Amino acid sequence: MQLGVIGLGRMGQIVVDRVLDAGHDVVAFDLDAEAVATAADAGATPAEDLGDLAERLGEEKRIWLMVPAGEAVDATLEELEPHLTADDVVVDGGNSHFEASVRRAESIDAAYLDCGTSGGPAGAELGFSLMIGGPEWAYESMTPVFDAVATGPAGHDRMGPSGSGHYVKMVHNGVEYALMQAYGEGFELLANGRYDLDLESVARTWNNGAVIRSWLLELCEEAFREEGNDLGDVADHVAGGSTGTWTVQEALEQEVPVPLIYQALAERFGSRADDGRFGRRLANRLRYGFGRHEVQRREE
Amino acid sequence: MQLGVIGLGRMGQIVVDRVLDAGHDVVAFDLDAEAVATAADAGATPAEDLGDLAERLGEEKRIWLMVPAGEAVDATLEELEPHLTADDVVVDGGNSHFEASVRRAESIDAAYLDCGTSGGPAGAELGFSLMIGGPEWAYESMTPVFDAVATGPAGHDRMGPSGSGHYVKMVHNGVEYALMQAYGEGFELLANGRYDLDLESVARTWNNGAVIRSWLLELCEEAFREEGNDLGDVADHVAGGSTGTWTVQEALEQEVPVPLIYQALAERFGSRADDGRFGRRLANRLRYGFGRHEVQRREE
Amino acid sequence: MQLGVIGLGRMGQIVVDRVLDAGHDVVAFDLDAEAVATAADAGATPAEDLGDLAERLGEEKRIWLMVPAGEAVDATLEELEPHLTADDVVVDGGNSHFEASVRRAESIDAAYLDCGTSGGPAGAELGFSLMIGGPEWAYESMTPVFDAVATGPAGHDRMGPSGSGHYVKMVHNGVEYALMQAYGEGFELLANGRYDLDLESVARTWNNGAVIRSWLLELCEEAFREEGNDLGDVADHVAGGSTGTWTVQEALEQEVPVPLIYQALAERFGSRADDGRFGRRLANRLRYGFGRHEVQRREE
Amino acid sequence: MQLGVIGLGRMGQIVVDRVLDAGHDVVAFDLDAEAVATAADAGATPAEDLGDLAERLGEEKRIWLMVPAGEAVDATLEELEPHLTADDVVVDGGNSHFEASVRRAESIDAAYLDCGTSGGPAGAELGFSLMIGGPEWAYESMTPVFDAVATGPAGHDRMGPSGSGHYVKMVHNGVEYALMQAYGEGFELLANGRYDLDLESVARTWNNGAVIRSWLLELCEEAFREEGNDLGDVADHVAGGSTGTWTVQEALEQEVPVPLIYQALAERFGSRADDGRFGRRLANRLRYGFGRHEVQRREE
């Protein structure tokens, strides 16, 4: 089978490598010529531009987009569109909003599969988890590629119609925020608690047989091993947040309470309030207002 | 009527003043001779020590303790006890834990009234809200004093048996934390939102007729007037927390969910995490673990 | 001064009454002829339709819309527009989304004031709190009417440009949700706690001098008086939620944590989960999965 | 090596089996003769009572208690004590509170190891995660047994001095509550969201390579497979909560915010509020108070 891959960043290169390793052919393109060269070194056929890529794929094109969610996806599709027919299949493997995927699926002639991709760079060896939405025939036609990119046949499935793949991935990420914060609370308590503990040992012991064992907990173990028991100079500043925000927005629409996911997201916002949290500053002052408790002031 | 007042801090002096203003007699004592002199200037009879105070009160003593919750209450009671009989009444007007009040009520011969006192220094003019627990006859016998110290007859009531006064005050304070945080969230959003707003004007407009008008909101208005629209140098550091902690502990015992009160308390803890929040530092690092997102580091 | 009032529901009639009481003239219209008749009985000039209302107001029209937020506002504006010039002022006193108000202000020729109105039916006697956004000259020109509808001059203010009035009102409502839930948690704990308490007495005692006294707490007192100490047959089902949802959505946009407001909103959603909360049902089952704890099943 | 096992419930039997399988000798006792017989069938030496068990173990006794946390532990220790010397080691493998373990360690002559045990019945095959507190020599002397009961050498470690094992297990369980609730929120949103999803497929796809893969997520997958996509008749009623309550209590003591763990615990309490949530009923009524919104009433 032959696959076009557009977007050869860290994740795109992994897709190229895994598909090549499985014995398929890859035509690769990226705006960055160096990335194309890397893919070519790995065995892919380099394309000069999107038109060249389309031409090389011939009829019944199978194309995997691994470009940043947002405008880059639309720009790529716009340029690809003249080359696409109803027999072609385009997969968006990035973190697009599900509503954008629904819109794109309706606007292009080719079949459009939205593919939530989870596993991060570690997926280079293990393969990814792929949550896919879109037409069943298109999903079926891509099975060999999905088998290769995912951990295997169990690592991918069609969730439902267009948008459902990115929808399930969005919720996955919301849950991810909450899991990270849950482990964080546990370790924060242990780090400030009654015993002088070796947190790497705690994490390792838990990872071997405890109910809460998980891949994220293995990453906690790694973090303590590499950064030290007090996490060294790792800052209290959590970046990111778009997929978590989308999850909460959708939960508001559906009127489903997601207090843990919300709180995990709010902790990220709070970690970035460089000037202090205004509401807590007001509480500080109100305690003076009603009880004449001394106001804590900022130092010069 | 004659009242002994022990403990002449800010709140104790207000009790002395209001009881005197209502035409009653006061015998006043404090470990600090200056505070006793202030009370004497206001018209109270100074006592040299607790024995002297007890002697001056004669039979059917009525005594108001306004000493810091905790050991000071026990120490005072221990010293008073030889002078007390079953006809006497002792009021604890401080923020004692309700279980300590139950214990004290059982251990002394006099009737013991636990009296939650709310209103802060502003109560000097308006009078306090008094939530009282203990024997009905003792409560009734103190009515003239309670009328004077409270905003009037509507400002005090017997909640139930021993401990119930401090129990209701404990919950009052838990609610207080949540209300402060709720207003704080609203103003934090307005301070960071789409419009350049005059927060004092917002608070004043709300205080005149809006559903959320309250005394705490009047204190917000005062805070913006006195500290400025950005709260100037007021720090993100909220002290206190014992009564809120007790409220959550009791809610755990009773298995009653109090997520807002808990969160308001947790915000206080968080505002005092001088080294950053460990859990969020771990989340920062985990994002590198699974997604190779750059780790934010502390600057030197 | 002369005011046209469109929309004569409960709130609209209060506007009519308060403006008439202040000695101004009112021209009133509603799709419901009976409501128009009621306004006429109160002293307003009835209008047959929007054209008639516009004609009766002459030049420099001052119009107050008190119609349900959403399509009704747009439909009314569309019909009014041919009669409006740049000298006219339209006030939207309903709970419109601030972005809709910005859009409307830009699309009509007349000056547009978005006016958040708080106080509910109780405002009939006390007057409302009015948070107003839009052009300064338009706000100034309406001062006599705002003085009459609000609690007085302190009960209204211009928050800023278009949208700011409804923006501040939106946040007001978010805070309102949290305050209600905060009181609710306190009373829930007291109702399930160690003492057999008279909750009306608790609320009354608090309302007289305690830090947490407020109008909402007076409504709690009223609720216990009218429904009984256990709230009788009042159901665990909290309707509404749109303005709270908007507040959280805006806080997500601004990356401001509002955990109490979020949780108060989530409690409403939870109260309406007629089939039980799916996440808790899964937790029930998971406890069997890892610990063989008995699964609680629904009864037939 | 020879081990006495006291308490032959589900977990105790697993300990017996795994220790026997590893080639060690076991002397087993339980108040239930049938359980002793089962252990004997498996190859253990049955003991008639605790004295008999102690006698059969001889010098340098190694004893594993697997009895319910609380009074049963104290009762067993009291009866064992006359037979114990400073050369003996007792392991408490149950969910005791860490402070009880500290107290017990101080009160008995033998070395006392508190051993948090996680993994549930599934540990029969895989082995458990063992978090152990107490004297280092005692921990070392038990290594062969711990290797057998745990998943292997990586599945057990000495956390620190007495109490630290149960302390770490307590926090483990707090985290566990939050993880369960986090997955629950995700699936609740998916079950109520825009797509008609096969939740078992979602869980399976996630478990194969996704960031949030874990053992608890495998149990979710199992739950959907066995109970159906809508969880059939599984009730919204989550039992348990003691270790989660302990975790929050300790976090209150240490002033560490644990909002996700708290909320997960509060959800359990809420799921058991058979009469509805009082605070939400009050909110329902308050909406009538300020806005004349219709009160939802319980049906007869």
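A few comments on the model shown:
Each chain carries a letter (A, B, C and D) given by its place in the written order, and its residues are counted from 1.
In this text, a contact is a pair of C-beta atoms (placed from the backbone, for glycine too) under 8 Å apart; a residue touches a chain by one contact, two chains touch by 3 or more.
Note that the structure is predicted; figures quoted are calculated from it, not measured.
Set against the C-alpha centre of subunit D, every other chain centre is closer than that of C. Both subunit A and subunit D derive from one sequence, and where they touch, over half of the residue numbers involved are common to the two copies. Set against one another, C-D and A-C show the most C-beta pairs in contact at C-D.
The best fit of Cα atoms from subunit A onto subunit B calls for a rotation angle of 180°, in steps of 5. Subunit C and subunit D have centres, each the mean of its CA atoms, that are 48 Å apart. Distance between chain centres (mean CA atoms), subunit A to subunit D: 33 Å. Between subunit A and subunit C, the centres computed from C-alpha atoms are 39 Å apart. Chain contacts: subunit A has residues 119-120, 181, 183, 185, 188, 192, 211, 215-216, 256-259, 263, 267, 270, 277, 290-291 touching two or more partner chains. Residues 211, 241, 245, 248-249, 252, 255-259, 262-263, 265-267, 269-270, 272-273, 277, 290-291 of subunit A are the ones touching subunit C in the complex. If you check the complex, the residues on subunit C that touch subunit B are 98, 118-120, 123, 126-131, 133, 150-152, 154-157, 159-161, 163-164, 167-168, 171-172, 174-176, 178-179, 181-183, 185-186, 188-190, 192-198, 201-202, 204-217, 247, 250-251, 254, 256-261, 263-264. Residues 10, 119-122, 180-181, 183-185, 187-188, 191-192, 215-216, 219-220, 222-223, 227, 231, 233-240, 259, 263, 267-268, 270-271, 276-287, 289-298 of subunit D are the ones that touch subunit C when the two sit in their complex.
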